[in-house]
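Residue numbering begins at 1 within each chain, and the chains themselves are lettered A, B, C, D and E in the order written.
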Amino acid sequence: ADDVTLQLKWVTQAQFAGYYVALDKGFYEEEDLNVTIKPGGPDVAPAQVIAGGGADVVLDWMPSALASREKGLNLVNIAQPFKSSGMMLTCRKDTGITGPEDFAGKTLGVWFFGNEYPFLSWMSQLGLSTEGGDAGVTVLKQGFNVDPLLQEQAACISTMTYNEYWQVIDAGLDADDLITFKYEDMGVATLEDGMYVLEENLADPAFEDKMVRFVRASMKGWKWAEENPAEAAEIVLDNDATGAQTEKHQVRMMGEIAKLTAGSNGALDVADYERTVQTLLKGGSDPVITAAPTGAWTHAITDAALK
Amino acid sequence: MKSIFPILTVVAAIFALWYVFAVVLNAPWAYSKAERAEVELSFSEMVADTMAQEKPRLPAPHQVGAEIWKTTVEKKITSKRSLIYHGWITLQATALGFAFGIGLGILLAVSIVHFRVMDMSVMPWIIASQTVPILAIAPMIVVVLAALQVDDIVAKGVISMYLSFFPVVVGMVKGLRSPDTMLLDQMKTYSASSSQTFWKLRLPASAPYLFASLKVGAAASLIGAVVAELSLSQNGGLGARLLAGSYYGQTIQIWSALLAAATLAALMVFVLGAIEKVTLKRMGMAQ
Amino acid sequence: MMWILISLAIWIAAIALNLFLVRQRAPGSAFLVPVIFGFTVLILWEGMVRGFNISPVLLPPPSSIGLALASETDILWQDLVQTFFKGALTGYVMGCGAAVLIAIAIDRSPFLQRGLLPVGNFIAALPIVGLAPIMVMWFGFDWHSKAAVVVAMVFFPMLVNTVQGLQATDHMQRDLMRTYAAGYAPTLLKLRLPAAMPFIFNGLKISTTLALIGAIVAEFFGSPIKGMGFRISTEVGRLSLDMVWAEITVAAILGSGFYGLVALMEKRMTFWHPSQRKSR
Amino acid sequence: MSETVIQAKNLDLTYQTNDGPIHALKGVDLDINKGDFVSFIGPSGCGKTTFLRAIADLEQPTGGKLTVNGVSPEEARKARAYGYVFQAAGLYPWRTIGGNIRLPLEIMGYPKSEMAERVAKVLELVHLDGFEKKFPWQLSGGMQQRASIARALAFDADILLMDEPFGALDEIVRDHLNEQLLELWARTNKTIGFVTHSIPEAVYLSTKIVVMSPRPGRITDVIESTLPRERPLDIRDTPEFLEIAHRVREGLREGHAYDD
Amino acid sequence: MSETVIQAKNLDLTYQTNDGPIHALKGVDLDINKGDFVSFIGPSGCGKTTFLRAIADLEQPTGGKLTVNGVSPEEARKARAYGYVFQAAGLYPWRTIGGNIRLPLEIMGYPKSEMAERVAKVLELVHLDGFEKKFPWQLSGGMQQRASIARALAFDADILLMDEPFGALDEIVRDHLNEQLLELWARTNKTIGFVTHSIPEAVYLSTKIVVMSPRPGRITDVIESTLPRERPLDIRDTPEFLEIAHRVREGLREGHAYDD
């Protein structure tokens, strides 16, 4: 069997259910692959891991991947199981926010570590400075959890539809107390959780073949997970080394994830790609990428895998 | 044994303070919940609520205690939800890192004591090395070591070593230099070789210093292992547990992982203290 | 290959130079020798990175770190003010000050000492990375929480050292005070505190590095969009490793400088202590 | 007749140690009068230091009765009746010689001007003028010991307790300081308790020589000196002196065991 | 005639310190013959220890010439010619008394069986038999000092250098050890260099008394003893003894300054 190491972007959770399902259900084995899944964490940069040779494939958000490309690390998107973005800004209604026009003068929690690009782009489209003051917004680097919103340290925080939002709800705030701004709806959505490999590796036909099989098995896993959310969540829980996840949360997450993967067969939609690039190029004073990248994606793998 | 009672008193005082803080820190959430539900909270209802929140700002001691009980006694130790399981994983990395740290520390100390060049050129940089925030470079170390096909546990050990070798170097240098001039001169009158001086004088003389710094180093290597597990969470461990808890705002879980880590450190210090006592007694250095 | 050979050659030459300097006991060698050593490490690093073609997103060569240091001074300075002066220094002063005062307070009670010291050691063993998110939760994301983490980090090492120091008087010195029928205050001021100075400084020195690390690490768990810890964690995500290392360099220089400053003060104030007098 | 300053009646002092009790003093009876110069001599470990410390309220007797100036040692200590010179110099390394001598004066609240005057006076007495600004570790062992004597002399204690103050000094300096001490004693009429290992020193200085024997520490002989109060150095060659010395030596040689 | 073991010619030794150079020895000339017992006496800080250390190759002379057994002190040290007793006992706290005495034997590679024998012999010599298994801190100061002397005697060094070995002992014990030392010396014909502060001790023990004066350390007098080699303790009351003692005292009193 061929060895493949996959580096996740975050800790083991239903966000990555497809891969765990493929592993658990033997889909990888059927393709004669021996797959190792490495969970990530708050300070694991997948791009760095693949550069160091610690992984064959990584999951990453497209803004980070394109930024890495500009830094000279040639990442190529080979598959895109996530059709839509799950990122949104969740605000408390009691701060008086009813729409993006009310952001001025407020404190907003944002994830950095490469996740800040769509946000910065959005703010620059809204014409809001991120330097604070009455005319701009005060940005705070949000940690791993939703505390800033609960503690009223921020008016809004970044959340994922499938994760942090529900943590806010679990903490006791009601959906009626909250107002959310999905990046999809704001027109600043960027592609999340694509599979990336190094361009130079793709030159090797053996590697390419390995990836074809990997993508095929992974997509099989994803579709299985979409259809069997409860069992998929169970598989994720079994694979969580920390034993910290709860079933309730993972089942719910799986349900939300299924909404994001729905509509993707794994192949990158070029229109989505172009929209992401456009969003990033409009990134204001400190743009993520300075020019439209070339060669940042390929359909070669998915074409072979999905035929 | 004399100190059991004072320790218990202090611990009791800390628990009392802890409860007070738990009430004070958790009260705002209790009130805001009540406000949204549009009910009035009496003081005792408020206190009761602060003792039983799911994600309190500061969990009450009994909540942490119950969680620890649940995750140690009531879980099989092979379960991923058992703190003992995670503690064991962390302990392994700690032990490895500690062993590396002792080795590197003693090696450096011996060469610093024997070679002036080492003393002058390396010592300032050893101090500087400790001002580098380990949490910042831990992920990079992990990536680089993974690239070199090094086992994960060894990578954790290396990070843990980074923190633990320092106290060992400092203590050992002090210890190896602790024999006064007279004792060294005496060796000279015997025309002892420098290895004889090392084995018969410097090394035994450094024993008390070594133990003192080993205790500090043990705690440091545990911190190192926990930090490493933040970047290398796939195998579990108390650090991964801490991270997961903090990611989901599970304060009770954070505190129980924290207490488990501190207990682990205390255990190691205790064991080292016992070894120290026996060794020094056999060496005749403890009255 | 060239790079590797050249840097190895320079490395060997520099070691020989250092050996020579040390043997000659040349004036200024206490300063020169470590500096030369540092430079050789940098050259070796540069040579290896270039020679082995290591990707700059893994480990940048010192030259590009130097470039970042020179070109991004504004950001570096702003981060330094936020992290060092606001977070670390405030926490350092408050934590060390409180520890000394409390050490003096419990010094009169052997009961408290016997109880507090082991518990203090236990708490000092708490991994602060675990404490940091809690402090951010309690004290907000700005520098106050960073100072709080620093306070928590330096408090117990400082307490333990001071309590030990206050007990460091020998029997005879205390008996002497007794024969003078000296009260508590004069004994404290004229005997115990001066005798405790070497220990207090020991604690202060340990705390310098702890303070900086604590402030930086705490920023990983939530911060405003400036500060050394913020920059390090953000720039890793952007793969700007040169900037990351520039911040690390600043941290190391700052930490060593802070340590050196306290060591200098120690030399001034405990000039009388044997460890400061003989140089062996 | 003359006023009794220190009175010990059947004094016991037992140290409790892990290995069991050590009887440092047992059934000690002694009267010391005002203006006496009393030397304690005896083998190492016989309880000389212990006795001095008990007088100064640094140890608590476990039996018998001890009064100083008619009151308990503790009250006498609180009334600042003692000047004590320890077996080792015990100077504070962070204070200059002058600062060390000033220490008791500061604590006892002497006025500033008087302090300076007193420091200068005692420094001269022990021939350390000019060393006021030096730190202890810049002086030789002998000079340190002299500074510690100066410190005990700087304030007006009625009772001077000295535990082998001259042990670390060479013979010439020792002779000189012996003379000085006698002179000071004659001038001030202090009561002095003095521990020494040297028989000639004990005989030369004292009006009363207390010979002790070890375990449990007992007084085996109390010799009243027949020498005049006025004592030139060469009194040490007189037959009278030698006779007393002989008696002390005999007293010592009794109760002596080689394994101290 | 008799063979010269230690020869110093115009010896200088200057310490470089932060405050400038200290001339510890200046123009020292001295010959010591095989089997001599030489005492060094002089005020504190005059360079006695420094001279002994120079002989043992623990300090480097800065001028003049020093030979030991015809070779340099370093070669003599490497040939293990010295037994050195330091001013303080300097026993290793982690070794028993027996272990401490065994230390030099281990280093010099004596066979196991001989070690035990030698340890037993020297312990008996200093009256410490039965204490072999005790640790230093379980002994009184005097016993420790005796153990340190035993350690220096355990191996066969031709030259024994002793720096105030008996300073911490009381007079009776001291007398006893003086006798023992003389006996040992007579039996083994070692060459002994001995520093002391006590005039009677110097006179009682030595064949040659070297009187030194301070800063810079010089030899002011070398007195060849006229006493017979066989010396009972009461030789100290003979006029001959007193006369030598007087000469030593005079020599000391010259060059003496009180500020050591």
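Convention: contacts are C-beta pairs under 8 Å (C-beta built on N, C-alpha and C of every residue); 3 or more make two chains touch, one makes a residue touch a chain.
To keep track of the chains, here are their UniProt names: B, C = Putative aliphatic sulfonates transport permease protein SsuC; D, E = Aliphatic sulfonates import ATP-binding protein SsuB.
Note that the structure is predicted; figures quoted are calculated from it, not measured.
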Those chains which touch chain C and also touch chain A: B
Centroid distance [mean C-alpha coordinates] between chain D and chain C, Å: 50
Between chain E and chain B, distance of the C-alpha-averaged centres to the nearest whole Å: 52
Rounded Å distance, chain A centre to chain D centre (Cα mean): 85
Junction residues of chain C - those touching two or more other chains: 58, 133, 137, 220-221, 233, 236
Junction residues of chain B - those touching two or more other chains: 57, 135, 139-140, 143-144, 147, 230, 246
Junction residues of chain A - those touching two or more other chains: 42-43, 45, 48, 51-52, 143-145, 147, 151
Set of all touching chain pairs, with the criterion as stated earlier: A-B, A-C, B-C, B-E, C-D, D-E
Complex contacts: residues of chain A adjacent to chain C: 42-43, 45, 47-48, 51-52, 64, 67-68, 71-73, 112-116, 130, 138-145, 147-148, 151, 153
Chain D residues within the chain C interface of the complex: 53, 56-58, 77-80, 82-84, 86, 88, 90, 92-94, 103-104, 106-108, 135, 137
In the complex, chain C residues that touch chain B: 15, 18-19, 22, 29-30, 33-34, 36-38, 41, 58-59, 111-116, 118-119, 121-131, 133-134, 137-138, 209, 212-213, 216-217, 220-221, 228-229, 232-233, 236, 241, 244, 247-248, 251-256, 258-259, 280
Sites on chain B touched by chain E in the complex: 182-183, 185-192, 196, 200-201, 204-205, 207, 283-285, 287
Residue numbers on chain D that touch chain E, as the complex places them: 42-45, 127-128, 130-131, 140-143, 168-173, 176, 197-199, 249, 252-253, 256, 258-260
